[in-house]
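Common to both upcoming complexes is chain A, partnered first by chain B, then by chain C.
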Partner chain A sequence: MNAVFNAVHMETTHEPVSPLVAQGLAHCYEGSNALNGVDLTIAPGSVLGLIGRNGAGKSTLIRAMLGLLQPISGTAFVFGEPALKLSDDTKSRIAYVPQQPDALAWLTAQQMLDFVGRFYPRWDSAFAKSTLERWKIQPNRLLAKLSPGERQRVDLIRALASQPELLVLDEPAAALDPVARRELLRELALRAGEAGTTVLFSTHIVSDLERVASEVAFLHEGKILLRCGVDDTKERYARLWLPAKISAAAPSQSLSRRRNEDGSLSLIVARDANGQWPEASTLPGARIDALGLEDLFVEIAE
Partner chain B sequence: MNAATLVMVPLRATVSSTRWITMLVLSLMLVISVALQLTQTLPKTALIGAVIAGYGEFFVGLLFVAPFLLMAIDTRQLRIPRSQSTIVLGMMLYSALWIAVPSIALALAGADFVTVLTIQTVGLLFGLTFGLLPRVFLIVAGFSPSFLGLVHIQLHYPGKPTVLLLWLVASVLALISALCWRRQVRSIDPYGEGFNKPLVLRSRTGNRTGFMNWNDWTTMSGNSRQIRSQPQWMLAIANLRDTGPQNPVRSLRVGLGGWMLPKTWQSASRQWMLVLAPIILMMGLVYLRAPGITPALFHAIAFSAVVWIAGFGSMVLSLTTIVLLQQRWSRTNAELPFLALLPRLSDRREVKKYLLRASLLPTLFWQALLIALLVATLFVKQASALDLAIAALAEIVAVAFTPAFAFAIFGGRPPAQWVTGLVAGVSFALVGCGTAASSILDISRTYGAIMAVSIIAIWFALLAFLIGLGLRGWRGLQARPHPFLAN
Partner chain C sequence: MDASLLTIQPNAPEPIYRQIVDQLRRLIASGQLLAGEVLPSVRDVAGFHAINPMTVSRAYGMAEAEGLLERLRGKGMAVAATRKAVQSESQRMALLEPQLQALARHANELELPADAVLRRLAKLLGD
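Presenting the complex of A and B:
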C-alpha cells in the first residue's frame, strides 16, 4: 500500500506551496474573542500538533483555515487557494476529521465509505475495507448506532482512504481507547514519513504530540504563544525561578509569569538569538529548570 | 412546600420563550373570540368563540402544562423530597388560572360561563394528553378534527355535545393524562426515547427545561440520538444508486438526510404505511359503524376538512424541512464540513443552485399535490369566495415558508429562534381557526366581515414577513463564498 501512496504522490506533482497558511485570522463568538490575529504556516510534509486548553480556539482555527467558517478578519490559504473558495482539485487533496464526527448518521459505515469514495479520484477502497475489518467495525451498522469511538474510527478511515496530501484532525484521539490511539498515531507517522502527508492535529494529550508531531504550536486565548520543533522545546524553553529579593531583575520578555506565595517569581523564558538564557538567570539565587512538553504547556496555559 | 414554591413551579418547568409564545397564542385566540362575540349576533357565535379560545387552550396544555412532566421526572430521579406533590399542585393551580381567565373574559363578553369553562377545560386537557401520550398517537391525532367532523356529519349525531358529555370527555382525558404521567415518572428509563414515549420528552436534549424550545426541535431532526430511538423496522434505508459526482442533487439529498434522503422502495413503502395506516383505520371504523354511508363518504367530506388537511399538511411539510435545515446548518461537526470539503460535488456557483433544488423540490412536490387536491375540491364543492381566499392564502403562506427559510438559513441570516417559533405557532393557529373549527361546526358561512378581514390580514402580514426574510436570505446567500457555512 505504501508503494501505492508513493506512486500516487509522485504522479501528482504540485508546486511546493504551503498546504496551510493563516494570516491574521481573527474571529469571535457572541462578543468573546476566539482568535486574535493568528498567523500560522505549515510546511509540506510536517506534522504539526496544535495544543491548547478547552476553549483556546483550536477548533475555530482549524475550521477557519479550512474555509469552514468565515473569519471576521484575516485570510487562510490551502495549497495556495483561498480557503473559502477551494477548487475540486484542492478539496481532493485534503481530508478533515472534526471533533466528535456526527455526519451522515443515517448511513451504514459501508454505505458512507462507498458514497464518499465516489467523489475522490484516489480513493483506496481496499484500505477502507481492510481497516474496517481490522478495527472490528460492523460495516452494516448504522453510523448512528456506533459508539463515539467507533464513529471516530470510521471517520478516520474515511479521511485516510482518500489518500490526502493534507490531513487535518481535530482531537482525533479523544474518543479512542489506548490501543486504537496507538494505531492511529502509527498510521499518521507512516503517512507523514512515507507518503509525505502533511498533518495538522489538535490535541490535549501531550504524549501523543511527543510520539508523532514534528512541531508543536501552543494556542492560548486565541493566540499562538509559541511554536517550535517538539525536540527543541527542552533546549529552547525553561522555567526561570527568581527569589523575591531579586525578582525586580526579571526579564520583561517571558511566555508566562507567576508570582509565588513567598514572593518569588516563576517565568517561562526562551533562549535569545545567540542561544543564551536571559541575564537574570546568572544572578545569585536564580535557577533555570528544564521543562518537559507537558510542564511547559501547563506553565503557559495556567 | 409553601405558596412561593408552588408559584415558582412553572418558572422552573418551562423556558421564558415558551411562556411568551403560549401567552401570545392564547391571547390571539381570545381576542378573536371576544371580537366575534361582540360583533356577531348569530346563534352559534358564543359556541364558536368558545371553541376558538379552546383551541388556544390546547396549546397551553401542550406547551405549558405538559412540560411539568419533565420536571417531575428530574426531581424523582434526584430524589428530591415532596417534589411530586408540589409539581402536581402547581400544575393544577396554573391550569385552573389558564382556564379561568379566558372563561371569565368570554362570559363578560356575553357567553354562557359554564359552557365556555367546559370547552376551555376540554381544550387544555386535550393539549396535555397530546403531550403526555406516546408519540405513536400523534399520527392518529393529526387527523382527529376531520375525523370528528366526518363522524358528526355522517353518523347523524343527535344535536350538539352537551356540557355533561364534555365533562365526561374531560374526565377521560384527565384519567389518560394521569396514567401516562405515572407510567413515565415511574419508568425504569424515563429519559429513553421512542415511539412509545411521550411527545413532551422530545424536547429534552439540550433543553434548559420546558417544551418547545425551538432549538430543541432543530436538534431532533435526523441526529444520531433520534435515529437510535427509532425501532429498526422504521429506520430509513438509503438508496445510493445514481449518487456521486454525476448526480449532485441526489448526492446532496444523501448529505442532507431526513426525509430528503433517497430511500429504497421497501423502506419508503414502510414509511408510507405509517402515514396511510391511520387513515385506513379511520375509514374502517366509519365503515364498521355505518356501512351504508361508505360509498358516499368521499362526497361527504366537507370542503373545510380538505382545506384543513391541505393547510395542515403543507405547513407540517414546510416546518419539517425548515427544522431539518436549521439543524444541519447549526452543527459544525457533521454534514456541513463534509459537504463543504467534498470534491467534485459541483462547481462553486452551481452548488448553490443544486442545494436549493435538493432541499426545496421534495417539499414543493408534495405541497403541489396537496394544492391539486384543494383545487379539485374547490371545483367540486363550489366554495364561496371568502372560503376560497382563506384557503388559498393558507396554502400560499405554507408553500412560501420553505424557500423563505431555506434562503435565510443558507444565506447565514436565519431569524431568531423565538421568531421562527412564533411565526410557525401563529400559522398553525390560523390554519386551525380558519378551517378546523368550520369542519366540526360548519361555520364557514357565519364569518363576519371583521373576522375574515382579520384572518386575511394576518395571513398577508405573514406573507410579507416571509418575502422579506427570503429576500434578505437570498442576498446573504449570494454574498457567501459557499453555502456550507454554519450559522
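Presenting the complex of A and C:
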C-alpha cells in the first residue's frame, strides 16, 4: 500500500530527485563510533563542503553515502536509488575520487584514461589530455610508480573528464600545488554554476570551501554539528566575549562556551529571528566579533 | 572593468558577495568606475577568482537592487547611467560608517577620551 502511495506521489510532484541523501547512517570500526546517525540531503547543483577534524568520519560518511561500505544502520540514496544497489546507469552519472586511489595500477596514466573513457557517454578526452600536461603527469608512467599526490591528480582528471552529474571528492586539495588547486576550484565552481553539477567535497582547507561551496556541513564525532549556507553561517554566528565581572549575564543558548583564564567568557552565539545578537552583547565591556568559518569551526569543535 | 580589480578574501568574516558589493560601491563613489561602464560577466569574475558563480550573481543582483548597476540588454551589467561620477557628501560619508563604528568601539574599549581621538583624527585628515 505504501509503495503505491509513494509511486503516485512521485509522479505528481516535480521536485528534482536529490543526488545524495543519507538517512540515519551509523557505522563503527573496532568498537569506536565513526558515524553516529547522520542525516544529510544534497540539493541538485549545490556545492557542499564537508569539514571536520581528522577521524571525524568524513571519509566513512562519503563511502557510506556512495554505497562503498555497508553501514551498521541507516540508508543512503544516490539519485533516488539505494546506494548499495546502484544501477549501471546511475553509476555512470557519478564520479568519486578517494583520498588514496589504488585502482588499475598496472596501467599508465594515459592507458587508464583511455580505458575508463570508453565507459562514460560524455567523456571529454581533450580536457583529459591538456590537464595531464598542465598538472605535470607523465602520461606513459605506470600508475603504480606515481607518487600518491600524482596518483590522486590523475584520478581527479578522470573524474572531471567524465563530466558527471554528481562529483564527490575526498580531500582533493592535499594532492595539488596552489596553482593546480586554484584550477580545480575554478572547475568545480563553474561546473556547478553552469552545468548544474552537484559537488560534495571534504577538505581541511577552509578557505577553499569558502570560495566555492554554497553550503558547509561540520562533521564532529560522527554527527553533523552544523549545516548551513556559507554566507548565512558568516552572517548568523559570531563570538560574544564577556569580561569576568558581567559573565553571569551570558545567554543560556550558545553553540559553544569557553571560560578563559582571566574569568572572561567566550561564546558562539546566533542572531535571533529579528537579526539581533543576544541581549548581553549590548552590556558595557561586551564585544561581538564576526568570525571566518575556520575560527567558528575551531571554537565549536574544541 | 577587469575582474582583477576586485579583491576577494575567502577567509574573511565578511561573506564574499558582500565584499563584492562593498567594493563596487567604493569604486563607483570614487569615480573609478564611471556611469555606463560594463562590468565583467559573472563567469569571468567567478573564473578569475575561483568562486561560486551564484555568489557573483547574488552580489550583482544586490547592487542592481540598490541602483548601483543596471542590466543592459545583450551586454550584461553596467554602472547605472543615473549614477553621478561623484556622489553627495552624505552618500560618501555613509561608505565610511562601518570603519567609523569600529573606530569608536575600539576607542571605547581602550577607554580613550573622545577629544583625544578627535584631535588625532583631525591631524591625520590634515586639518
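Of note:
Simple rule for what comes next: the second predicted complex is superposed on the first by the 263 of 302 C-alpha atoms of A that agree within 3 Å, B and C clash if a C-alpha of one lies under 4 Å from a C-alpha of the other, contacts with A are read in each partner's own complex, and residues count from 1 in each chain.
We adopt the following convention: a contact is a pair of C-beta atoms (placed from the backbone, for glycine too) under 8 Å apart; a residue touches a chain by one contact, two chains touch by 3 or more.
The structure presented is a predicted model; accordingly, all values stated were derived computationally and were not measured.
Partners chain B and chain C, brought together by superposition on chain A, fit side by side with no clash.
Contacts of A:Leu40 after superposition: neither chain B nor chain C is touched. Of the two partner chains placed by the overlay, only chain B lies in contact with A:Gly67; chain C stays clear of it. Set side by side, chain B and chain C differ in how many residues of chain A they touch, and the one touching more is B.
Within the superposed three-chain model, A:Ile268 lies out of touch with both chain B and chain C [touch as defined at top]. By the touch criterion stated above, A:Leu219 is placed in contact with neither chain B nor chain C.
Residue contacts after overlaying the shared chain place A:Glu294 against chain C, while chain B stays out of touching range.
Touch criterion met: A:Leu107 reaches chain B, while chain C stays clear of it.
Within the superposed three-chain model, A:Val230 lies in touch with chain C and out of touch with chain B [touch as defined at top]. Touch criterion met: A:Val116 reaches chain B, while chain C stays clear of it.
With both structures placed on the common chain, the touch criterion links A:Glu194 to chain C but leaves chain B unconnected.
With the two structures overlaid on their shared chain A, chain B and chain C come no closer than 27 Å at the level of C-alpha atoms.
Residues of chain A that touch chain B in their complex: 59, 63, 66-70, 82, 84-86, 88-89, 91-92, 94-96, 98-107, 111, 114-116, 118-121, 142-145. Of all the residues in chain C, the ones that touch chain A in their complex are 8, 10-18, 42-43, 46-47, 49-55, 58, 105, 109. Listing the residues of chain A that touch chain C in their complex gives 47, 182-183, 185-186, 189-190, 192-194, 206-208, 210-214, 230-231, 234-235, 287, 289-294.
Those residues of chain B lying in contact with chain A across their complex are 222-225, 227-228, 235-236, 238, 240, 243-245, 251, 254-255, 257-258, 261, 331-338, 340-345, 348, 480-482, 484-486.
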